[in-house]
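In what comes next, chain A is part of two complexes: it sits with chain B in the first one and with chain C in the second one.
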Partner chain A sequence: MQNIQKPAVSSDANLQREVAELMIECLNLEITAEQMNPDAPLYGEGLGLDSIDVLEVALVVSKRYGLQLRADSAENQHIFNSLRSLADHIAAQRTC
Partner chain B sequence: MLLLRAMAWISMHLGRRVGRAVLHLSAGYFLLFAPASRRASRDYLRRALGRPPRWRDLYRHFFTFAATIHDRVYLVNRRFDLFDFEVHGGDILRRLLAGGKGLFLIGAHLGSFEVIRAIGRKDTDLRVAMIMREDNARKINAMLAAINPEAVQDIIGLGHVDSMLKVRERLDAGGLVGMLADRTSDNGALHPVQVLGAHAHLPKGPFRMAALLQRPVVFMTGLYLGGNRYAIHFDPLADFSTVKRDQRDAALTAAMNRYAALLDQYCRKAPYNWFNFFDFWQPAPATTPSTS
Partner chain C sequence: MSFLPLVSHDSPDSIVAWRTDGPVTLRQFLADAHRLAGLFPAGKHLLNMCGDRYHFSVGLAAAILMGKISLLPSTHTPGVVRQIKDFAPDVFCLTDSDSCAVDLSQLRYPAMEAVGGADACAIPQIDGRQRIAVVFTSGSTGNPLPHAKTWGGLVSSVQAEALRLGLPHNSPCNIVGTVPPQHMYGFESTVLMAWNNGNAYSDHQPFYPADIGQALAAVPAPRVLVSSPAHLRALLDAGLELPEMSLVVSATAPLSSRIAQEIEAFCRAPLMEIYGSTETGLIATRRSTQTAEWQLLPGITLAVQGDGVYACGGHVETLTALSDVIEPVADGRFLLHGRMADLVNIAGKRHSLASLNHLLNTIPGVVDGAFFMPDETCHERIARLAACVVAPGMDAPRLLKALRAHIDPVFLPRPLLFVDALPRNSTGKLPRAALQALVHAYSARKS
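And now, the complex of A and B:
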């Protein structure tokens, strides 16, 4: 997806770690935050999450960081592509 | 699709009686030439009837399936006048909808889910958005478009973050979201249950979604009773509205066991309405993922 602009703010390693821990906790994943490759796809082959897992992550993350996620946003697929893209989005859009 | 269009034309122009004559042919065809379906039917009927099924039972099973598919043509074309619907538990649905936060309507391949359109004729706001796999969604909408282009259903395809957000928006607007929760699709997590006295596995996905989005769940089935008669049943299944995360797993288990008990109950009540013509009671695959 070349046409989607990257958020102006990039996440740092701390935020990525925080989001990883949030995901591990809410999905009871059997890995540690260090083992999580920030660029691996969240869906399917990478982390192996299904769409309901990703919904759970979306709900938890939007609550924790005060994000507004909308359906029909072309960005959604990009945001939930990987841990890094999700953390980048949070860094750019967080309200708390 | 041409065949379907032709069948729809026969049904609409020559009437339900002529259409049904064609159905007897197709039920007979399946009975004779679809051995895998026949085996599944026999296995299921033995459990549901509590005795070895006869050929007549098998025929009736296939015919009931064909009849409900055929009646879809009329339901989609809003010919509700042709049918006699009994509705049980409609007040439950209205009471829960009055909460304004929407609800999940969970059904099965048991009877006809399409009869919900008949309920919707009185309350025009009772439109159900169905959640299903993307490939199924495309097929169904192509079919509906062939029968009646105005009837194309609101379908939310699974598999994206976006689809989940759409479900939430639908519910937030007080709407109904429908799912059939008796077939396992991809490699999602399974829950063991008892249906008709034997172990079976049901997908956790639909109930996990309802639990995550904290909504009430109502069970729905439209049982075909023969002739032009259907009995539509709504039963309260679960209410996740106030279920917190630490209680979620327990609530999920309770809801799925209740769902299995409802399947059991309605299979015994209307045995020929079960439309899973495969081995529903097969053991779970060994590679079941551990995510809950």
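And now, the complex of A and C:
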């Protein structure tokens, strides 16, 4: 599973940290970027995000990195699995 | 009450839905519904969890044909699924997902065969008294309260809605919904309204702004977007080019007139807001750029009794309390002044504060606890609940895990504050102001 979903470009620790900080600021989360495990699930028992949060993060990410998030393919439905999968998607798709 | 047709489309070739591979005719839809009905187990109740709006609608039609009742809880947490099973022990789950984890016997939505031919097809006639669905509200003790919906009541409600929204009857008009068909608003305003007004719906439930644009572009004009403030704000903010629309519909929480103006300008289409509740279905609409007043649907009246306002008439079969602060104006119009103190509405999901508190206090290890809904200071952001708990030895992850088993994630507290004691007064009551002060003190310390 992991290999199929893995985008061609992987994110580095700097980008993951930057995205973590964007999410923390956007959602007013009570956690620091260092405390965020890049592989913990963002939904459910990990960070506990819900669909409204995802919509807000998507807007901030779209603006910051010049890309549009889509849920139209099976691969894209996994973007918000973890901080790493989100950062990987940004690394692969960003235009700025 | 008499028998009413399942759909009002007048030809077997009428289009009832749009799928990725093209339009679905009435003939195909009815064939699919009969095929699925033949696969149903004996149970009288089903939990229709299909994510594809077309699959959901075939499941609903098949259930109606077989006299089964579709159960529509507002969320599918393990706790709620258990309560649904207690309510209807024979319930089975209809799913179109390969990874449905719900703890019920499951029926997988099957692959369907394309039907051709030019034969006429009989449109099923359904007894208006038939109970086709049960929707649930949160109640005050943690047990969901069931509300049965009859076919006749729902038909009358969505026919009035289509007329009020000015949708063309039995003529092409394509609805794209960002809201799930399992929620009363999406149930009425996408599937049922299209069925009973001879229109069609997209099988998609687009989420991101780019998906909404694509789903709209995938159906021909005239297009109607049935959405919510959260999705419409995201659409505005993203600023993507959108296909031409005839109408935008919003419900679940009222929009400010400023946002309404922006949405109309951006979508180049009128915006109609719908007001309703799980108990009553939709009961009023307004063109928010022109008036703050809601206009009741024909036949519905409001009655003020004591502190409460009740709706009745039209499809509202019994006098039903409305859980918002409502000021009747005149001629079937009213103003909305926010929610009742006990009711929380986050992105269209409603929960009673009393039942959230009850749930919190039943978690082993919680000595005392209370949820707190901050004042809505602005319309731009969706407010979140906070909670204060006394739970020595518990930590946030464990407590949140226990809550998550019972309530929708939108109600999970953020922040969740662990305190030594709640500021209860001498009678044991917890004044809202004291709780507010506690939450504010915490926020101040944090920043």
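The definition used in the following text is that the second predicted complex is superposed on the first by the 90 of 96 C-alpha atoms of A that agree within 3 Å, B and C clash if a C-alpha of one lies under 4 Å from a C-alpha of the other, contacts with A are read in each partner's own complex, and residues count from 1 in each chain.
In the analysis below, a contact is a pair of C-beta atoms (placed from the backbone, for glycine too) under 8 Å apart; a residue touches a chain by one contact, two chains touch by 3 or more.
Just so we're clear, the structure is a prediction, and the values are computed from it rather than from any experiment.
Student: By the touch definition at the top of the document, which applies to A:E45: first (chain B), second (chain C), both, or neither?
Tutor: Only chain C; A:E45 stays clear of chain B.
Student: Pick one for A:Q68: touches chain B only (first), chain C only (second), both, or neither.
Tutor: Second partner only, chain C.
Student: Counting only touches as set out at the top, which of chain B and chain C does A:L83 meet: first, second, both, neither?
Tutor: Once the two structures are laid over each other on A, A:L83 reaches no partner at all.
Student: Do chain B and chain C land on any of the same chain A residues, and which?
Tutor: In chain A, positions 28-30, 48-52, 54-56, 58-59, 69-72 sit in both the chain B and chain C interfaces.
Student: Touching residues of chain A toward chain B in the complex: what are they?
Tutor: 26-30, 48-56, 58-59, 69-73, 76-77, 79-80
Student: Using the touch definition up top, name the residues of chain C that touch chain A in the complex.
Tutor: My answer: residues 206-211, 214, 230-231, 234, 237-238, 240, 346-347, 382, 397, 400-401, 404, 408-410, 412, 414-415, 446.
Student: Mind pulling up the chain B residues that touch chain A in the complex?
Tutor: Interface residues on chain B, with respect to chain A: 158-166, 168-169, 186-188, 205, 208-209, 212-213, 245, 289-292.
Student: Enumerate the contact residues on chain A facing chain C in the complex.
Tutor: Interface residues on the chain A side: 28-30, 43-45, 48-52, 54-56, 58-59, 62, 68-72.
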